[in-house]
């Protein structure tokens, strides 16, 4: 019963098959192969408009290159206090941007609110002495498993537009968000004002395949340079492209995300009395207290503590390949805590 | 007859097999999986001393993180005028180092000489107004297919030590060098004064697998931070580790490199009258003039022009999977030019 | 009645005299003149130990070079939420450090506490995914006019030492702190664990003269390089050196600071009912409400609002050349608000 | 007979007088004082068009902020191999730009030529793998005392425009150039395609006063941010502004430069047989051999060796306050070497 993280899971057979299927003959390097060249078209279809796709081997790189493209080195990037770019990337955004400042905002379930964003901009635009609010970055799904509705993203997009901010979405679990909402990918991205999306496939079944989806094509050249310069333009690009093409083919990504969301919902129901946030995607947060967590672990569950030390809170993440047996057993365990 | 580059080749079956063999069950993320954890031991055995291994998805990242670790932002990194870090990485070394300066030296076949290095240090150490010579970086094999002998590396290592320079080796084709020399990997690295090695596997049969081999373990923590911060610590680390373990298992890497070196030597013999550098590894450089190159292309050969525009010089690279039929046909063609 | 800031004041006659007195004949450039060369000795005497002095034209540069010297680019610099380096330097610390992160702590009167610092370190040292707590920076006097007692600095120094943090003090108003405490400069710096001090003279009577006082001489070379590389090593160094030598000669700096502290104390007494912080140096903070501030302004007082917008709080700064008439008039005004 | 450098000279009485004349009463800080506010107008008149002026305390900062504004971090800045930004600023341009690369070109008397520039652009624009030629920087007067004619600057401006390069001029000795040419400042700057000028006053009589003259006002905001962020926006801005206003008032700067140029021409005539470059401004370069230099020094002349070690070449710089007695004596000495 491993609920540590969806990045402990292996790759899906569909992804492995795609990778091996392109392993034949010579192919031009550095993204000039036939598979890489199909990415723009495939993702433009998926997103219902012209986009430019930049593959990368990690989500940290996708995030950091995105925010560095949206904010100058003297800029401020507004994000949630628990955002991955703030807490888990060893300062990657600061590195790529040449020292932009992350301004931390609060909000339930790791979500930003339009008012909070507006207030954050106002508080940090103080003339020549302060950094310049330049970008906002949100995570979809959030670090607390919540999902922004299309209207919520659009409301933030409005504030961003009004304040002259670039808008980035960290979609490490973008598939889980789209699956949970049952919306079109466009509805929570460019239609809602998002300029750049970190599109993650690794957690949801790939080996190592992430991409920046660039809706603002005027920024494409800069992204290309930042990717190359940081060593993220891989020579044998076909292997990343193949993963991404397979990932979105025949709704593989959504089928996979729907399954893990559904299983997580089951966990959420079993843990209802002590859920610390609503169960909206494939991550749930429980707060049964220290004794409860001990009991879960004693019975074979693996997971990370979360939040403030000693608070008795934990995170459970359902992976794409989680067995139903795991879920059933875990549900029983969770119910036994109430 | 594609002699464009060894990075246009697919991956070897051994590498694919290794990758699929680890695709089972949960594995801790970010290098804490069982395969990643075996890397230090496996490479310590290969290099006959304790080393620390940092996997990366690209050689550009390996090079740039290495030189940034050896030189402060106000430092100078001495390298050959044709070095990959100078010509082909879009300023990655400058980016990672926070703006160190690459000082360009000359030398036949893209090799540095002890005298040239000494002179380069002297010319660039001019007190507070100039940057501080801090590191030297050489490529093994070089950008002109040459191979440094162990004594040649050691002589540069002596100069580096005397001048207080860190010593980096760009080993994108390290396997071809070891195969050509028939030496121990240690003989051309730490025994000769090298501090950090970019160990490349991608060009010689892997999908995307590179590593920094760290001989100076005091620098390991800094490398770890730079890797994480740049987005090169992959979450599903097992897939890179598996490639590297398979790559060095049972001398796969050397067998593969020996073959491409031998085939390139055949090309070199066929092109003897117009070789621009001795054929020492899997890259050869020919200068049959513009007409000669045209004739080669007209007969189906693919390759890049090299050197000064219009000089009639070209590079031919033999890949690990180059067919013997290709070589035979190309040899005939080359002989026909004399 | 201008209480806007002590940097709106002119320079003291002693400083002007010093500057003109060195304006004769040739003098070696870039800090090799006779006056610059006397700085180390003069400040070593003042601080009762060997120090290295690096002159600069601005306090922002002194602060940013200091923290960049104490923290690597992947480091965290802990400071108060209202610290000058966070709020008023347009991200200079991030720029100079190559993207280190400022971690913001709370504390009354803009002071850090040992517990707060300890907790901030613990919360931000989370393995490879987070930045590395590397330095702490405090302001003496603080941005709220408070003064750290020697034992308070030493207690923070203990925490810093235990946690492996470098310790920087922003002494833009260092003279006001020493004058207020009646202590030795050493008591609140190196004896209490401070590694680098930004020693400000500009606000207390100079034209443009700041210095980094380096107690950890192993870091001197790095500071020298960072200063040169950022354009802060002035060619005609004698003019800055002359200001600093005159500033500390015959206790000019303390005499001047004592006077402004004393005048500010008078304001503090007059404003006692609505002081938002104790009056400890030459800055006082009052919170008479929006009507009160309006009344002060209507009667000719100039000053900046402070704190949260609309809170009715303001800052009054007494400059070295503030007239006693100003103070008397302002005291009457302040008393009239109660 | 000190001919070491014009930055060993004191400040002119006119500059000192200006500085003391503004030392009265309160003045808004950070460039909001009445003198700073007059700079734009005063320099717009001087340059016959609207310009924005950014004062700085050093020429290194002026240069580095300028080129960082014209080139992205993945850009290349083309300049002469002997340019001050390459040789004498400890990598400031790389620091400010976040790691742009300086591409070094050759040319007599440290001058770039249109063909050399065109060739440098072509050689360094090699697609995604190389940095992007983004700016050109020339020095007027050059590091070898030469002066670009208006048509020469314009020819470079044409190449820059065609290649999409920003155009920067390092005018540390801009006054000597204008004085030598007898042209309008506009003729060798914006009329010839220059976007940003480092306007130096320090070497020609000021204490510490430099400015970026911004002809491309769309870049003004970025320059303002870079200046603030690097600690070059001084709080008591009036003292720098006063120097610059006095410097250009009543042609003080040109009168001063004409005098040092004329005296240098005298030296040039006396040294005619062994001049290594024509004497065009206040710096001359002589190559009388090692014995000649020894003899000059033995007779009391002070100066720096120049060029390759042991080449017997030297630089003589005439300062604004050089005595005619010095010149006469030196001329005799120089003639005695022939």
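Every chain is named by a letter (A, B, C and D) in the order it is written, and numbering of its residues begins at 1.
One rule holds for everything that comes next: a contact is a pair of C-beta atoms (placed from the backbone, for glycine too) under 8 Å apart; a residue touches a chain by one contact, two chains touch by 3 or more.
Fair warning: this is a prediction, and the values are worked out from it, not measured in the lab.
Asker: Identify the chains adjacent to both subunit A and subunit B in the sense defined at the top.
Answerer: Per touch definition, common to subunit A and subunit B: C, D.
Asker: Any idea whether C-D or B-D has more C-beta pairs in contact?
Answerer: Greater number of contacting C-beta pairs: C-D.
Asker: Farthest chain from subunit A, going by mean C-alpha coordinates, please.
Answerer: Relative to subunit A, the chain with the farthest C-alpha centre is D.
Asker: Rounded to a multiple of 5, how large is the rotation, in degrees, that superposes the C-alpha trace of subunit A on subunit C?
Answerer: 180
Asker: Between subunit B and subunit D, what is the gap in Å from one C-alpha centre to the other?
Answerer: 42
Asker: Between subunit A and subunit D, tell me the centre distance in angstrom, where each centre is the average of that chain's C-alpha atoms.
Answerer: Averaging C-alpha atoms per chain gives centres 50 Å apart.
Asker: Averaging only over C-alpha atoms, locate the centres of subunit C and subunit D and give their separation in whole Å.
Answerer: Roughly 34 Å separates the two chain centres.
Asker: Two or more other chains touching the same residue: where does that happen in subunit C?
Answerer: 30, 73-74, 89-91, 95, 98, 128-129, 225, 228-229, 233
Asker: What residues on subunit A touch subunit D, complex-wise?
Answerer: Residues 30, 72-74, 98, 128-129, 132, 222, 224-226, 228-229, 233.
Asker: Considering the complex alone, what residue numbers of subunit B touch subunit A?
Answerer: Touch list, subunit B to subunit A: 2, 4-5, 7-11, 16, 19-20, 22-30, 56-62, 64, 89-92, 95, 202-203, 207-208, 225, 228-236, 239-240, 319.
Asker: Which stretch or stretches of subunit A touch subunit C in the complex?
Answerer: Touching subunit C from subunit A are residues 73-74, 87-91, 94-95, 97-102, 126, 128-131.
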